[in-house]
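Note that chain A is present in both complexes that follow, paired respectively with chain B and with chain C.
== the complex of A and B ==
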């Protein structure tokens, strides 16, 4: 039940990573009667310490000095835009912010908790059906999940009940409610909590979008709109829109996290053991290389190497680390962009997000300090399957939303001025105040497709603190996604006009623009260990089971074949519950490959 | 007796500890020279369920509160009680024949538990609540004995040796106390058992006055440290509120409208005991360990019996009924922060406890109408604002919410103002507190929990 500095007795299952995916798998597998040991490289985290008020909302310590994020001094990755370049290490967190410690990124996330559109799970088939094979650009690796929405629905439903998600259903068991997202797929039950209230900015956007003929809805938020007790008996407090979600542990227990929503129940289970400060270096295989025997890790408390054996290994670290550990363990074949062979590192994707800003007259206060990470009003008109991409000329899509998440003082000061406006003095102050009180942002939160020469592999030069080759990211923006972003941002401009904006600053990607790792984009990285139906193009079968090592399951957004418009956590959680369900129903009764290639 | 001020150590401690301090150490000196027999030699088959029943009796009596020290084997004692006259340790009551109570016969066991007399004839300190345990019936004592002989693993360890200075280490005066204040088994049982014809109330009386020993903290004590009333029959002092223990005020469990349980429903009391939280209030301070070791595991029927019994205890004092007053709420919602303490309340308290003082269900307790907010002595409210406190994870309620402490961020003046503000808002109408009171309490509260001891959610 508690931390140990020596290797414990052999558990049935070892789970790598204590974020959402790992906590869900550990909960499910202990429920199945198995002894589960979960390894986490970082420290334990709790609301009583990291979320204690008012220290928890110290912006300097939190978002600026990256209190809850990955410590790059020990492990990082290298980044380049194109295969002909030399990659260099990511030395300062900026573009994306992986978590570290118990809860992982699930502790410092915002709480945007989406399902999927129907096409997200079968994008290749849907694109060909609607627009023909030729519509797919050369070197775009479009792929289906091989799981239908109907199959995943019970697991989306379960995850929302565990997370205490606030939202408004549009269709429940075939009954239309007349509210919510008209494009959303049918649900087996309502959200467990009513939607979060609109901030003023969200209500302005809701009205303008509706008047422009779009279909606004309340974003589903894993921020509790009311006190809540989940099926595990874990309780949440209600959100007060303090604005300290992303980058922080919620002091009100109202943002869903593994720490608040799953681990309180799990920690009481004698079959569960959590070992923190355990940096896993390798998944161990037997001589056949077809069976995992356990993991090798460094106990950071004693700086000693340890081995822990198990019958079943769940790899559920952050997306980048899942890929890295597969590569360092020599499981599966590394992806080669020249021959397009191999699967590990293939279909690495991201999201294509830009944020535009509108200013309202001085008599309309948006009060940017107010906010909740998952709350807001969105439109799916450019993300839903029926939107005509043939005319627009791109694959993918983008929800558009006002997600006023709470602008903190330092971020507000840094975000004002520039682009021709003064960066100091009275004019800067006036502009900053105007922006803080009367403006708000509208985001285009778009998909990102997979491409032949966008991938992850091991860096030939740079090594981490443990002597292992670092992961190397080869990534840049591609024409299809830039076109998608530009199209959607143009629509934002029209809506902004309808709101009576006094000024608008539209931001979109430019043709040929390169990915810049120094500027925050999003932490929604995906792919690299993707699921699919063909072992030549996917690392996992539809149950997230490794094709190569059947007693290894790799859970997380690393399984996504391409990046979608929605935030990934909802799908990560649903896939975890889906995989766990099939492990319990099928695998445990008859361990071995669940799909024969 | 005034030497027994308060103990220090972990927060898992029973609120009884200052009293226990008087009673411990005795069993520990059990002579190792006595002839011993293997504790578990008697392996005759037991009636089915007897050990489980005995375990339940140990839960009802909360034996672990004092005899299981975190980090030591169950029932091996060793919980420290630091006194001005030295440190003493609770005893090993596991069935080890040398270090524990394995050599006790059932009659000797009953005599110790119910009359406070050790095997060797010397007296226990009355912090061992034997005046309450005297009420245990023979069947329950039997089950308890069987459990401690055959259901508990013998622990061949001694608690650390006591370090008391003579003459304070002498025990013979305790026999006088015992003779004066402790009932005989027969009279105790007669008094508790003959109060109610309703079997549920009778069961409630048995649990509260007997194994539950609620009066040990919740009844006032006289200068000689005996409880002034031991049963409902003894009059309105019974469970009318104890003193201040470890800087927590022990409230009344009678039906006073403001400061007792007058506005709690039967279900509120059951929820509180079972999960440490109800819509009317959350456990904190000395009650939390009682719920963690003991009350949460009571059977549903027993919880209801306790609640129903408590609800028929007439108020000890007449109080003007509490009625919600929206004045403060309206002021705060108008952003009128002119009252002293209002700004601090908005900045530090309102997120959880709300501007209307209503809190949020079983997550964040209400301050409006909360009995502990209105007690004459505001020590508890001052204490919790300074030090914070945590609920504990229970099988009945997994989430352990933490209230942060504000000792580092609020001055004595600010704490006094916000406590006064809370005590006077929403119809609470209680007296304000002085800065000097806060200053005194700040310097006398036990050490807060370390991060390692804090809940992990």
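== the complex of A and C ==
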């Protein structure tokens, strides 16, 4: 049943947000026999409507006017680089693009579907073991997850089977395959689908990277390389590299999305109810403030306020909105960078990414319009645990890849010129056309560490359309991450040379460079409601259960203690399945804190 | 040259006429119609004339292909003005509006409509004071001078920083050159042709990797779809 205007009878569970995290939790908890109501602020979305050809094959409507993204007119956030500045509203979508509507950003993401490196889950311990405590810069909040890869592996595996992920394993149950990413951790089974094909650019990169002594592999992609039916009975068709991928709903049912891979099964379940255009304003607590009783939301169809009660609340509204709802609901203590106390908003991180560009000879056409969001060739030589950070002088890591997702002409034209070259006029036009035809980009997709003065809190001035204070982001690039980016981008130069590039434009962060909210980075925001083993430095325990309100679980990249080199959604999904498993195994039998602080 | 541009030398103007703003009725020509025959709906004749010339300097006709005018970019921009985007409805536009460092992004209280409406007349006034002619009547070299002054933020148009207007103009010009012809620009898909972009083909199963060969097929436009300026297409999410 969908789109009930009025609150239904009290469900067991209310799930806030209908993206990957919410859909996974709703599926798992209905399977456990619970009645689940999922509230989504946006409209219903389905491939049959938003994804149809030709309406979805339209760059202006899709990635330029951003029809599937958050409606900033109603709610946004404010941004500043330093705590002593006045944060100003993010008035136009640019640096990051949160989703809105059923499927969340999972409807229009790209599909790069990673697990983690061994160190990612225990970065603090691993850093101290390898380089000593002194190697951690002052004011860097380095933390472990408190979950091991071995514990999470079954859930990574499950997520890949649900997503229909294409990839090449290098080690399965201890057996080396001689292919794939030599640095990848062992897996319990192969990827459900064989790897995506290499675009021309990716094949050039693969060969050059190998010649330069690195270890190229096919990126794991939640784009189907073959027809596939997932464990929920949901079907995917093969991806044809249409190139309208990142920022678009896939018209071929080839890109994994909650809409294609989970919701078709969930929507048939009588225990499941989806209420769209339901903007949640607050998680309600009882007088003890240790128990959530439900949520308060605005039904945007009738413009009326509603309350829905439930025994269990799942907050899965995306990283930024998870933090916002914790703050507006007064759950946990807001982080204060001066006293370094409080946890909500602490360890807010991002992704340190720059794109460089190489040009091939004029008889080589890179056909950049061909592409799939998750397909490409990567190297992990600067992301793997064994890479010597002691000499390089930074904590974290950065894969390097050619991920040709389909570059379309408006984006190509907007992105051409600058950095000393003309941005308009005849010379610009000639260079722009040449760049489109004969070049391609290579990304350094790095981690981002957590720092004392990088955090989220509520803005004192600007409000959303519902009268609530908006979230305030205090964020900029820090020396450690800039050093990492510079180091890795230098290596891209060697690879470019090995491929016979006629021209190379390396792009790295400069010392002191400020975060610029006008330039697209990624939407890989994380932290702010992190998990951990100490309630003083984390908001959630290792099961993503709130330390303060045990019948509240907060699912999403908001749980990551720091940003990693990989894209986040593989880990978001694995953590959701992990949390759901423990809710089903332990919490439902004995509701209460699953870890005693 | 007198204060009024030598209008007859500009082919567009002989056809352009301002639609009555009050009844605001749009009479959209078929998308593949000659852009030179377009009558602006949002812009005045003077504004539209400016637009035709400014866009053309940003994206000029040359040996690589047609420029903004022949591509219908001014028509595209005019039609975009009456969409939710043009009205600023896609942006967070709540006060207060406070100036800040550029990294923190656009902070003006102006929608795209406001930027064009607010900037074009002051630019023409500036041109008249300096060169005794409106922008459209200046030589291409002088037009470029003015555009550079805007881009480098050396000109302010009352409350509108030149750079803010310039970025709006550049952005919309490139959108108009390369968006689906149904939106009014990219006339005859000539923008796509000069890029070697195949448009809405969206199927490259056989062309994932052809070892650097040039893609052999020309562009296709979007097959018939709802009028992209219809209310339902522009604002379907309400």
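A few comments on the model shown:
Simple rule for what comes next: the second predicted complex is superposed on the first by the 589 of 597 C-alpha atoms of A that agree within 3 Å, B and C clash if a C-alpha of one lies under 4 Å from a C-alpha of the other, contacts with A are read in each partner's own complex, and residues count from 1 in each chain.
Please note the rule applied: a contact is a pair of C-beta atoms (placed from the backbone, for glycine too) under 8 Å apart; a residue touches a chain by one contact, two chains touch by 3 or more.
No experiment lies behind these values; they were computed from the predicted model shown.
Legend: residue contacts after superposition of the two complexes on their common chain; A:237 is shown touching chain B, with no touch to chain C. In the superposed pair of complexes, A:453 makes contact with neither chain B nor chain C. In the superposition on chain A, A:253 contacts chain B only, with no contact to chain C. When both complexes are overlaid on chain A, the residue A:153 reaches neither chain B nor chain C. Using the contact criterion defined above for the overlaid structures, shared-chain residue A:65 touches chain C, although it does not reach chain B.
After overlaying the two complexes on the shared chain, residue contacts for A:269 are found with neither chain B nor chain C.
In the superposition on chain A, contact of A:54 is made with both chain B and chain C. Contact comparison for chain A: of chain B and chain C, C touches the greater number of residues. In the superposed pair of complexes, A:282 makes contact with neither chain B nor chain C. The intersection of chain A residues touching chain B with those touching chain C, taken from the two complexes, comprises 53-54, 238, 240, 242, 251. Interface of chain A with chain C (complex): residues 42-43, 53-55, 57-61, 64-67, 71-73, 75-76, 79-81, 85-92, 94, 101, 197-200, 202-203, 238, 240-244, 251, 360, 363-367, 369-370, 408-410, 412-414, 423-426, 429-430, 433, 436-437, 461-463, 514-518. Here chain A touches chain B in the complex through residues 44, 46-49, 52-54, 227, 232-238, 240, 242, 251-253, 259-260, 263-265, 267-268, going by the rule given at the top. Chain B contributes residues 347-348, 351-352, 360-364, 390, 393, 395, 397-402, 404, 409, 451, 454-457 to its touches with chain A in the complex.
Across the complex, chain A is touched by residues 57-60, 62, 64, 85, 89-94, 96, 98, 100-107, 144, 147, 151, 170-171, 173-175, 177-180, 183, 191-192, 194-198, 200, 202-205, 207-215, 222-223, 225-226, 228, 233, 236-238 of chain C.
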